[in-house]
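One structure is given below, represented as structure tokens, and several questions about it will come after.
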């Protein structure tokens, strides 16, 4: 369900751009943050907002790494597996996360909280190994620190759930 | 004009020509997947690598991305270039499913050819192959993504060239996928070109799926009989069955492409209902008897009603040969009327078209693409000539303004090729004088041509999408032989006999006719009512000439012999085991031949060559050429 | 002698005139000219043999033999000539061989 | 009996020769002529000259005519269209000449000198040879020399340059 | 040592507008707008010898001079902040510390190019820098350094901030333009070059964050001063170097161009971790060839590094100690590139997975001696791809083959990794 | 002296042939006596089945294209599961020259040649073999080969299910 | 000349007997040749028709009689039809003069075992053999085929050439026998066959008759491997059969003549004369077959060289030598 207000807001955003397409990434990101992922419905909405066909939206959506075209958990954990983090032991972190969350890369944990995705360099190479949960970066990870972070995130999720 | 050397051949080509095109012009074929003459270059496949040995640029370059420059020395056979091409083939074959035996493209597959040419034989990649799921793309196009080599030809045609919006490229890196958002029929009216364009078997023609191989096809240069544009086609037949129609390149008319209607409508050639034997009063008979009886009855008609009581009817879908012979027959018999059109309006519209179109005003489809302002006046090109729509889109891509004039011009037609249009109430509202090459596309009509005449004085060129493949010729013959419309002829009341050749006779006009002879290839009401019915060949079964909307005479060649498709004879699909000399159902004859045979029985001389007199110059027309403008 | 000598001689005469006709009529064709000569020579042989039979004398036959031997010599030379000429002009038409006269 | 055979053969000879003379086709002419020579050979036999008959066949039919045939086949003259038509304007001198000869023969035939046939007397080979070598030894030598010269001449003409 | 971009000790919060103005912020802009014509500014930049800091090292002033000044229609300036080269995080540090330098530099560049519409294209994941920038842009507009008729000079500029959705290829300038236009970020063919036909068909210049951030100081203090900053005379200016990998101090510092690798390793980077020895490093981000201990004396400057067989790239130095299997390291790099290819051209789309597969089987001990030849062929032929991504990916493979062929052979002969076990 | 050597050679020749007069003849009296053909003898053509018992022939037309005497004709068709097969397949053995090019061209090992060389009929039409006559129940040579388990278009195994294939890609996948 | 009915009846009987005998023998000679050749080549030969293939000749005759008689387009029809007869008839005719046994005394009459005893029998044979040339030449020429024409020309030249040496090799025989009559020649060999006096003439004659019947190694006119059958390439059915039969009758005739001229004809101890004669003929036939199984075909120039430069001079020398001997002794 995409509220009309959001649609109108996005239409205004599109109108402000030089061309319809210019705002495509913004529109998709907004819809994604609203829905959690870019559902088919969101694609249809984006197409309508941008004046493109659904396929043309899909062309863009499937291109970008951070547009999710599959359902994700409440938090998406991006674990950097690029060279700097790799040399600092990101493989172990990823393995720990897989074991902790009980998922394979790309999967969502059973409680629907976390989706584990390996990702390209997060630009935090000085602090490797690195992961990003939502928009928050965590560096210098160790297994204990990851456990703490997950715990904190879980708590935050639980509180936001209860507040809703 | 830069001069360069390609493989020891010195040549001079216009600036801006790509090395690949320059090489092609001297007969050197550099392999290419993503480059297509109509779509231009993309630089995606990298298989057209050549080595520049000397000149302003050196080293390995993609010949489709490099415009020629003065002093270039190009080697297509250099070891490095060959190795590069071999590697590209190896890369492309990494994920290929190796299913050529069950692939319809096998035999006409660029990838197959180049793989063999590159000598790629051993597999050095040990990983697993990537696979894709297919999509249902409608009843005409079969999708098989595993074979894809990601050359981007399909999307570049579909979205850029033809303005389709429902087929595109998804994913990135090695997940590139060409398809639709969700399964469903392709919406573009030009989607049928995908099988032609695809260098491998990703898109194949569903109608001809698993029917034959390229080398088994009966093929000949032919034309599309669907509308008046006269697009060049190559029908492919096997075992007397028309399997598919492919586009043939004709730079003056359709370029490289064909619309879906022209491609997928088989016009009942294979139809089991198609009449294939002469009928005499509704019963099957032989040609001899049918013609003899017809000749006798014409004589009887003349005795009882006088020679003026017979009308000879040609039609806009009859070949020039047939129509011209019909005129000669009418002259020979002193027939009361010669008709090419049934309705009065039609005839009037056609004659208006012929009078408006001159060598100055008529333009070809290729010239449509050069227009900078196009007005669509009261026409729906989706019906009247889809390829015209594609040409309009190309003009629009080059910056032309497109106007929709009048209520009869629906916006949906331009939407189908993603055009931006402006709507104006009348033609006069368009400032034609502001443009250098304005163009008016209008449905012909007998009345109200004043607007168009004004536009012509303002410098506009004209395109009239006509009703049939040979309407232009019918109109010309109407003028030259002072023919009338059938409705007018019958209104006089003296006509008691009709000799109709491939004409669509409305039933209400046939009352009061005492002799009705019909030659046609469709089963029609007129056929049932006819006294003598003579089956004619379809266009793929004969040689002939059509004159298209701009007055371009084009020759088409016989593709296959008439006759029932072999698979139609036996429900078990077995072809006959017994040999016979004649094809069952192979009796239809070209209309002009029927006319000539009839005339011979009525005392005329034997006819060998149907085009004579004014049309004699068309005899040697090259069917593979661009045709000849007769205006 | 089974028939009168005059009959034999008449036959010989007829043959001779036929040979003569052949020679004259086919003047354009070297081969046919030679054939005519052969016919005439045969007529002569016939006359000799007839005479020999009529008078019971071997001389006629001896002459017949001489003629035959001479003929074979003549024919072998003549045909060699024909071959030779044909090799030069690709024809056996005597009209073609008149360089001497011109 | 033998007379009848003689006349039949005479007719055969004349007709065959006539065909040979008029045939445009050289090969056919040769075959007719060979037939004629056969007939002639048998006539010789009937005229009690078996040796002449056999030589006629061996040398005339078997060698000379075959030589003709060989030359015709070798020179590819077997095509009548290649052969020049007979010059018919020359018929009349031939006919006149022939008539003259025939007439003289007729005169000869009417002379009493050529009376009815005398008694038949076979000349055996031994006698023939005796006459040949005793009476005509020089002639034999001359003929032999002539044959030798012909041989040399033919070889000279036939050699390829 | 004078630093332009980053002070040695950085405060936790970014530099505020007031602090920036206090430290001669916007002085260069004011001077340029009031005293200098665009061409004069351009000449100063040319004279300074400033080379693009995004990786290619193309002289910035020269790049600007390519833009035709007489073409009708809009022209565009893009700041490329799509910093996705593994090992590189200088833009983040820079923007987190001082976004003003970029803003001022961008305005100056726009002034030089007479651009009225500039874009900052920043990668996803740089939320803080993006936030900083947004704020800075708003404040600059409020202060009259942006918008219509800046400082009364008649020059107007609008700067849009675009946040990407994450693809390495967007860092390629033509792909970036496609991404900005809202198309799939496939690179475009060159020619036409962006300076002639770029964003929406208009002439376009794309500059890196660090490049633009250097400009205010150059205008302020003059080109000679800037040239003098470098450690060796051939180079000009300072450069941000990011250290990562197995070193003690994984930090981003500003150092004079021409500082040798050894000086960096022992100085700012603090040397290898205790008990470890230096085995190799990547000198300029993931797309560059390896350096080994014998390269420690190479001055870290564009031309010298190139002469030594690698590229300075973004100045992101990734160190590896003796525990690192170089085949595995290369495999990681190639996997990154194989994943981040846009899929446009065959060598990149199909060739990189091929190389990845070959490296995988070598790394897993399934390799054959012929595989080295396959790698070598690919180093050669992947360079003929559409854009520089595939050749960049082959940088480390090239280094692997040149410096560590023995190690590959060991993998193949021993049928296992000789380093890790 | 060569003259005597020639004479000797001549006599030797005559002697040799004379000696052979008494030799045992090497002729095989065919219908009564038969020789066993070699295992790779190229005679009567058969259509084999794959290890799963399905027809191997996919009616790709390659054999008919390769055939130098044009004795093979067929019509391909599609089964509901997407499998391509020959609706009819005909070899005219009265034309066949047993050159083996078809077997060589066959990409699916369907056409194979057997050592059965006794193909003789009173009526020429009996030499026209249809698919039913050609199809055998065994695999022939290469008994383990199944074309559809190697070509990745998902007929026998689901798409991407062959041993050397990854499962079908999902372009919408979350993985990078 | 036969004068009464009995003589005519006798003549007819002899003709019929001889004709039947010769034709049958020729037919079986074909079979014999095929089988002997097969044995030489380690094959079996025709063994299917009848016991041991003995009915094969019959089958061949039936086949030939029932085959279509084809006349090629452009052929000289008249000569084409005539040629086979011209090839076969002289061969059969020659038999008329060969004595195959001493005169029988039956019903008180002296019956010569010979159809006619010509006083010029030897010359008669030469005359007929020179006629046989026509069949080959005309058949080859009339077929309108280049192979046939080449075969015809070859045959013509070959037959003329070897006829000469053959005739010359017979001169010593005549000189020894003092007669052209074959009966006299046979009688002259009652004690010693001429082969003893004339081994060279026998050899020349043998080679010449091999060439005369166009047998291997002198089969250039029909050379299968180069001219695909030469002068009878275009013939089919019984016309081809006539050529074929003619060739085999020729073998028998020439074998008979060779026996008559050099081996003493029907003379021989212990066995009846006719049997001796038959044995001698068969020995020659076998010799021909054996030669075919052994010798390769000559080249054309070799053939001509042998005929003109070896055999003819040798024969002439032989005549001179014989004459000298006769004069001296």
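Residue numbering begins at 1 within each chain, and the chains themselves are lettered A, B, C, D, E, F and G in the order written.
We adopt the following convention: contacts are C-beta pairs under 8 Å (C-beta built on N, C-alpha and C of every residue); 3 or more make two chains touch, one makes a residue touch a chain.
As the structure is a computational prediction, the values presented were derived from the model and not from experiment.
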Remaining chains grouped by touching, chain F not included: A, B, E | C, D, G
Where chain C and chain E overlap in contact partners, by chain label: none
Chain whose mean Cα position lies farthest from chain D: A
Distance between the centres, which are taken as Cα means, of chain G and chain A, whole angstrom: 111
Centre-to-centre distance between chain G and chain E (centres being mean Cα positions), rounded to whole Å: 109
Centroid spacing, where centroids are CA-atom means, of chain C and chain G in whole angstrom: 33
Distance from chain F to chain C - Cα centre to Cα centre, in angstrom: 73
Where chain B touches two or more other chains at once, by residue number: 169-172, 175, 177
Chain E, residues touching no fewer than two other chains: 167, 184, 339-340, 342
In contact (per the touch rule at the top): chain pairs: A-B, A-E, A-F, B-E, B-F, C-D, D-G, F-G
Contact set on chain A toward chain B in their complex: 40, 43, 52-56, 58-59, 62-63
In the complex with chain A, residue positions of chain B that touch it: 165-172, 175, 177, 180-182
Touching residues on chain B, where the partner in the complex is chain E: 41, 43-47, 49, 60, 62, 65, 83-84, 87-88, 90-92, 94-95, 124-127, 149-150, 152, 169, 171-176
Residues of chain B defined as touching chain F within the complex: 97-102, 106-107, 128-134, 144, 146, 170-171, 175, 177, 209-213, 215-216, 239, 567, 572-575, 577-578
Chain A contact footprint on chain E (complex, rising order): 83-89, 91-92, 123-127, 162-168, 179-185, 200, 242-246, 250-252, 282, 286, 316, 318-320, 324, 329, 332-333, 336, 339-340, 342
